[in-house]
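Chain lettering (A, B, C and D) follows the sequence in which the chains are written, and residue indices restart at 1 in each chain.
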């Protein structure tokens, strides 16, 4: 195994989590741009990476307790389209941490150009889909990375 | 070709466009529910069907002029999850028709239970991605089906 | 609830299971055709519908025993592309029923034109991913619908 | 822009092109494994990266001439499933270069464990979907990276 065999990981630059990706055929549609639902996939990859970066292992949590973060609200504005072959990045900041949810601001950028602007609320749910307080150590981690208002 | 060979079409019940579908494996994720981005696919199928039902042929328009409706804003709340095998329906109403965009309210229902609630703004864009006035006959069609406020 | 609120169901015409669908923006890519992986989604919808039509409830089985059909082999030829707005159908026949798997022939058609030709082997797996004999009543059902060689 | 802002690129180790990625929620299904069609997305990302690595710019070619590689055949065996959070890699080798197509062997690996094994034929098509000879310089590039039989 070489460096090539390590998947990309994003990371923090101050309070901003950066996650870069390229646009492939699967992401585009017949109008020639990234299909609107696929930005939500990019944003989820970025959030998963951010959550991993703060030390939370979602896959283990899901296997052990059946709990997971599920999105309960998305407000997104599409300003400019991404296209096949574009190199883009998702910049995420934690805006608010509540008892059983977290509010994340996510922008998709192509160089200095902002393509989308979104606010996403993810709630921590138990195996039956009921909201559950996140573990105190997780709340602490989210608070540490939250951007001061 | 028999009736079985005709794809499903939704239709209007008063100002409400109804579009029914079943949840397949492709729609779900490892948490056991429909993945959040996939509701946007369901909603786009319903909008495409509604647009076709009022007599607009998006595929021909795209081929002829390069123009298409592109989503510029989505505000969605996820209230309850859909699951594998569920029969659900998307109920869409036109809430506002502007010079080059249309605002659509879309709810995903499982019987009488509301699963999601969304407002979607779709702008009519030319082949270069610039907003373009929709053809007057289309504006008229959207106005006819718009729910009185 | 009206007829509009009932999702499409395919069905059998002799040994052939027919499943019709329309091509939406989500299915296409920037080259203007249905993205190659998405035919596998169409084929899975058709198989799920066929399995349901013979009286097998996959969602209940998954919930009860953790077992499911998983695809172990696909051989597919793409002959002609489907495009935005096309009405197509998947025609599926059971070609072979084994102790813990089933071989299905699936063609995607646009009217009388064949777009793809595929053979798919689906194995019945338990909750740990190990092959498991299908219930005898299911084997019988598959044998009944299998096309005589 | 920092290193974090550069999307992952795969690369060659001898004749083998390596492309690493992580499994996200979008890739999985309710059975808890990567959905079978999504491996084809992983494989296409790897092929696109390989094609870019040999100096072919698919997005420019598509914009300039309307030509693109389209998959005409896939034979894939699914041996073991990938799961949420897995780090996997796609290893691709060019097995044959013909006048207007290329045959690529692609394996998905999790460490030393092989998850899938596939052969994919991609044909170079013009803007009308007709096979077209690839540019001689491209043929040469593919021949250079082809694994000696």
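Going forward, contacts are C-beta pairs under 8 Å (C-beta built on N, C-alpha and C of every residue); 3 or more make two chains touch, one makes a residue touch a chain.
These numbers were taken from a predicted model, which means no experiment stands behind them.
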Listed chain pair A-B, A-C or A-D that repeats interface C-D [over half of contact pairs the same by residue number]: A-B
Residue-number overlap at the chain A/chain C interface, same or different (half cut): same
Most distant chain from chain A, judged by the mean position of its C-alpha atoms: C
Between chain B and chain C, centroid-to-centroid distance (C-alpha), Å: 25
Chain centre separation in whole Å, for chain D relative to chain B (CA means): 33
Touching two or more other chains - residue numbers and ranges from chain B: 25-26, 30-31, 33, 37, 41, 44, 62, 83-84
Arrangement of touching chains [line / ring / star / complete / other]: complete
Footprint of chain B on chain A - complex, ascending: 30-31, 33, 36-38, 40-41, 44, 62, 68, 70-81, 125, 129
Contact set on chain C toward chain A in their complex: 25-26, 28-33, 35, 37, 83-84
Touch list for chain B against partner chain C, complex: 1-2, 4-8, 10-11, 13, 18-22, 24-26, 41, 44-45, 48-49, 57-60, 62, 83-85, 87-89, 111
